[in-house]
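Right after this note come the structures.
Look for chain A in each of the two complexes below; its partner is chain B in the first and chain C in the second.
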Partner chain A sequence: MLNKNKKILPFLYLLPTAILLLVFMIVPILYTFYLSFFDWNLIAPTKEFVGLKNYVEVFTDPINQKVILNTLIYILFLIVLNFVIPYFISLIVKFFIKKMQGAYKVLFFIPSLFSLVVGAMLFTWILNPVSGPIAYLMKSLGMTMPNWSNSGILAITVICFITNWKVFGYNFILLLTGLGSIPANIIDAAKIDGIPKWKLIWNVILPMNRGIAIYVLILTIVQGLQYVFTPINVITTGGPYYGSSNIIYQTYLNAFVLYKTGTSSALAIVTFIVFLVLLFIEIRFVEGKAKNYA
Partner chain B sequence: MLKKINLWHVLLIMLVLGAVVPILFMISNSFKTLRDSYTTMLNLIPIHPTVNNYLLLNKQINLLGLTWNTFFMATIVTIGKLLTGLLTAYAFRSYQFKGKIIIYLLFVATIFVPFTIVMIPNYLVISKLGLLNNILGVALPQLCDATGIMIFLKTMEKIPNTLIDAAKIDDIPNRKIFFNIVIPILKPSIVSVGAIFFINSWNEYVWPTLILKDKASFTLPLALQNYISSEGGTNFPLAMALSTIMVILPLIIYLIFQKYILNSISNSGLK
Partner chain C sequence: MKNNILKKFLLIMGVMSLAVLFAGCGKKTSSSSVKHITYWHVNAQTQGGATVDDLVKKFNDTHKNIKVTAKYNPDMYKGLMQNLQSAQASGKVPDVTQVGWAYDNYFSSNFKYMMPTDAAKKFDGNTKFIDDNFSKRTLSFAKDSKGNLVGLPYSLSTPVLFINKDILSKYNIDESSLTTWEGVKAASKTIHDQSGKYGLYIQEPGDTWAQQAVMLSNGADIQKNGKAAFASSNGIAAYKYYQEMVNSKLALHTPWAQGMDSFIKGDVAMAFTTIAQASHIKKSAVFNASAIVAPHFESHKTVVPVGGSMLAITAQDSEQQKAAWEFEKWMYKAESAVTWSKGTGYLPPTKVALESASFKDYVKENPMLEPAVKTLDNAIPWTSFPKKGLQAEQSMIDARDKILSGSNVQSTLKAAQDKINVEQK
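What follows is the complex of A and B.
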């Protein structure tokens, strides 16, 4: 009896999580996969089987093509703003200054506490082309502020800066922690040998910190594309003419605005497949820990 | 050399100001009249300080109700995620069982599931349960998150095996090991993870957007959204007053638990 109990017990502890994952994640993923082969509108009693049509549309429909291109632009901007710059700053804080490291950590993190809706509000104020402070300063210099929400690429830039405002401190802390776990004697040895700092960083530190860097890089893409959903929905709703939409936002539009669950599901599945590829990279390079449970 | 170091501080301080100054302007403008918010835009101290924006806001929307909705949702999500996370991490820490690595990788994988792939089925389930426009309906999908499990697991691994083994040999029931040994050791990380969960859920936007359509059921971020328009018609002092209300609680939590929170985030990245 006791033995049997011991075997069942761990599964009992896992049960709540398992039920949640099953009901709100695993079954939904399968159901979305199923929906991607049908035309449906969320309400009609019947669904029409259309085979791979929805998947073909993902890649041939001109709007979807535009959205996929936008998604790549988003990824590029997000990598530069939310990965490269925080990484650069974390290297500076770790290796080029001696004081106030703790203070920078505390201060940089503050915007991470706030809603992206607050961020969207602040940036629409700061960058308001008529009455915002930047427009005000530009006017006094004799310049005019472009109406950025009328241009897809400018809107994407602003939206990426909004997520940068929120995510910067978080990513900065993760990367700084990674740098902190590099053994001090390696850094000291290089100092004694008189190796220049940037050379040390390029040849030793960056390769040693690769695990956490790849983790943050992948997080930047996977979470970033989902984070931008909020400012897109609050500020542009994907406009002008899908110019600031990305694959995540288009999936939402198709489902809950256009009521095309088939197209929406196919877009979601394509997104998921891309994310799964990133997951495999993550496991390959970062999740060495999984071995402990083998 | 000294000069060079100073220059880096100049850059870093400028970045800090870029991150924090907008928030200071937000708080300042929420105490300005609409007119002053245009004419004395760059004054950090309002010339004619007023709380009228807050009073007007309270007339236009049910501030107390919205705040309660948001607080209630964040509390349910925090408690739910802490409980499931602690139980799951404990099972991983104390037992050997088949499929452990598969389940572990499944947890890692949940981070890579875009919300778009679960949103239609979850919307249908919540609607079938009759929980549309209900705070419970918006809390349930948020519970499905493995980040807590991962952080707790890392902390539990630091508990020496001998401690738990000794307790097991003494035939102390698992329930007691969990509550009397594991939980007290984990207290700091429970506090910090709980604080992070609460703040994240307090700010949650996606699920409320999908599930809450009735204004009475709104959370604060949804209410704020209605005060923002890209066409420039926004009454910014009003929007900023609502934003200020929204950021107070996360700021207080951060001020109290700042050290724990930053440690937990650091740990979540350590592999």
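What follows is the complex of A and C.
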């Protein structure tokens, strides 16, 4: 009797989460996959089966191609702004600055408490190329501010900076905590051996912090692409001519503005697969490392 | 001991089930005499939401047999449409729904609704209410591509040219020269040459409403017999004018919020945008602001697409439809319509309200509204293509973005027109 209970109980404990996952994640994903083979406007009684047409469109339509390219640019910018720079600064704070570590943590973390909509509106005002404070300042110095919302690459840059403002502190703290968990005796040993600091960081610290670093890297990409959605929606609505759109905004635009659920679902499934691959990498490195310790 | 607990439990359950039973009875008796209907609208607290609540409260206080519940839907007409889709899927649709003009055909071909003329005939015995209150032109705004009257026009707006009088007088520009787009260009050039400021901003939201007004006022058609027709020589000339203005820095090309901000701060002399912006401009502008009728090109007249929304009856049950019709009729009373107009900045839809003393007084206090009211006589329905209308609008937005980024006007407009017409076959 007791034995039987032991077998069932774990599943019973899992049940609430499993049901939630099933209802809110797995079923919608399966339904999205199903919808990606149809042409449907969200409400019409009939769905027209179109086979793989939506998937072909994802890769052949010039607008989608532009959007995929933008997505790659976004990823590159996000990695630099939200991963490389916070990592660099956390290394400096950890190994080169002795005082005020707590103050830096708090200061960097504050913006992540604000809503992105607020941030986006604030930055639209500050960075208004004609009438914003920065534009006025530049004018008084005899310069003109470029009209960034009319250039895809500049708009992407500004949008990435807005998300940077939001996630920098969070990523910084994660990385700093990771660095803090590296056993002190290893670092002390290296110091006694007289190994230069940069060599210590390159050969010892970075490899030992790899798990957290990969986790933050994946988070930067997956969460970053979702975070940029808000400023895109508030400021540029993907413009100029899809110049600042990314694959997630395009999925939204197709589904809820144009009611093209087929195209939208195909885009969503492609994104899903890309994220799945990233997740696989994360599991390989992060969880794999945990196994090594055990 | 155990038995005792069980008894207590049963007693509690018994009391609760009785309570539920009585509650159910109570509802049943009241629902036979009072009809509950829901009204879905898009007015946030900053956009007249408080006025909607006031009107609904007033209606409920004066109508003992109908109780209206107003529900605000975020994200404007787009957000409301999304909610309506899920409501339809779950079978719980609202009874009265506010529908934006751009969704006219999408709404009429995908949702069940009762035509206002049918409601009038069924519940009043005639269509006198509609005939007395609405002009033919106003009713034409609410017709779908098959000519069916989908709802009754509720909020109306037209684009006007807001002007910064301080800048104009500083550079000796005569207001009367701004009745044509050619005059606007000359004025913009004077301002730009002498101050470096921009002359004009034309609103660029997620639709091409204002750009359509520019094309229409050059004698172009947006659609003809259900097909896109804007790539005509007149349409192309209008967009070329706009592109040249942007290229030579006479006109500002930027998203809507930033463009209006620049106008309000006095960095742009004129803004071509919806009359619904009037109260915002009045409140925020630090200069002497005024509004004039939408300009036209020389040898053409002003024609603008109407903006705003209509009210449609989405109730399914006959009793509910009757209550919805009662509510609508009350909302269109001159007094309610003027209150609504004051709260939202839109123009009232009925003849009676437009001619009422209270609205005329209101216009006197807010002279910016005057050109908008005048323009109503030159307004035509907002273009809504019969098939894939929302995608058609997106094609026009794409064309605007491309042209303002420097693409060839003729080929871009032609490509957009062809893309829309492929879907219309």
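A few notes on this one:
Assume the second predicted complex is superposed on the first by the 274 of 294 C-alpha atoms of A that agree within 3 Å, B and C clash if a C-alpha of one lies under 4 Å from a C-alpha of the other, contacts with A are read in each partner's own complex, and residues count from 1 in each chain.
In this text, a residue touches a chain if its C-beta (ideal position, glycine included) is under 8 Å from a C-beta of that chain, and two chains touch if they have at least 3 such contacts.
As the structure is a prediction and not an experimental result, all values here were calculated from the model.
Aligning the shared chain A places chain B and chain C in steric conflict. When chain A is checked against chain B and against chain C, the one touching more of its residues turns out to be B.
In the superposition on chain A, A:129 makes contact with both chain B and chain C. Legend: residue contacts after superposition of the two complexes on their common chain; A:252 is shown touching chain B, with no touch to chain C.
By the touch criterion defined above, A:42 reaches both chain B and chain C.
In the superposition on chain A, contact of A:240 is made with chain C only, not with chain B.
By the touch criterion stated above, A:260 is placed in contact with chain C alone, chain B being left untouched. When the shared chain is aligned, chain B comes close enough to touch A:268, but chain C does not. In the superposition on chain A, contact of A:141 is made with neither chain B nor chain C.
Residue contacts after overlaying the shared chain place A:192 against neither chain B nor chain C.
In the overlay built on chain A, none of the stretches 59-67, 131-139, 221-229 or 257-265 of chain C clash with chain B except 257-265. Note: residues 42, 121, 124-125, 128-131, 149, 235-236, 256 of chain A belong to the chain B contact set and to the chain C contact set alike, using the contact criterion stated above. The residues of chain A lying in touch with chain B in their complex are 6-7, 9-11, 13-14, 16-17, 20-21, 23-25, 27-29, 31-32, 35, 42, 89, 92-93, 96-98, 100, 104-111, 113-118, 120-122, 124-126, 128-131, 133, 136, 149, 165, 168-170, 173-178, 181, 211-212, 215-216, 219, 222, 225-226, 229-230, 233-236, 248, 251-252, 255-256, 261, 264-265, 267-269, 271-272, 275-276, 278-279, 282-283, 286-290, 293-294.
Against chain A, in their complex, chain B makes its touches with residues 4-5, 8-9, 11-12, 15-16, 19-20, 22-23, 25-26, 29, 38, 41-42, 83-85, 87-88, 90-92, 94-95, 97, 100-101, 103-106, 108-125, 140-141, 143-144, 146, 149, 174, 199, 202-203, 205-206, 209-210, 220-221, 224-225, 227-228, 230, 232, 234, 236, 239-240, 243, 246-247, 250-251, 253-254, 258, 261-262, 265-271. On the chain A side of its complex with chain C, the touching residues are 41-44, 121, 124-125, 128-131, 147, 149-150, 235-237, 239-242, 256-260. Interface of chain C with chain A (complex): residues 78, 82, 85, 88-89, 106, 110-111, 198, 206, 252-255, 257-258, 261-262, 265, 267-268, 390-391, 394, 398, 401-402, 404-405.
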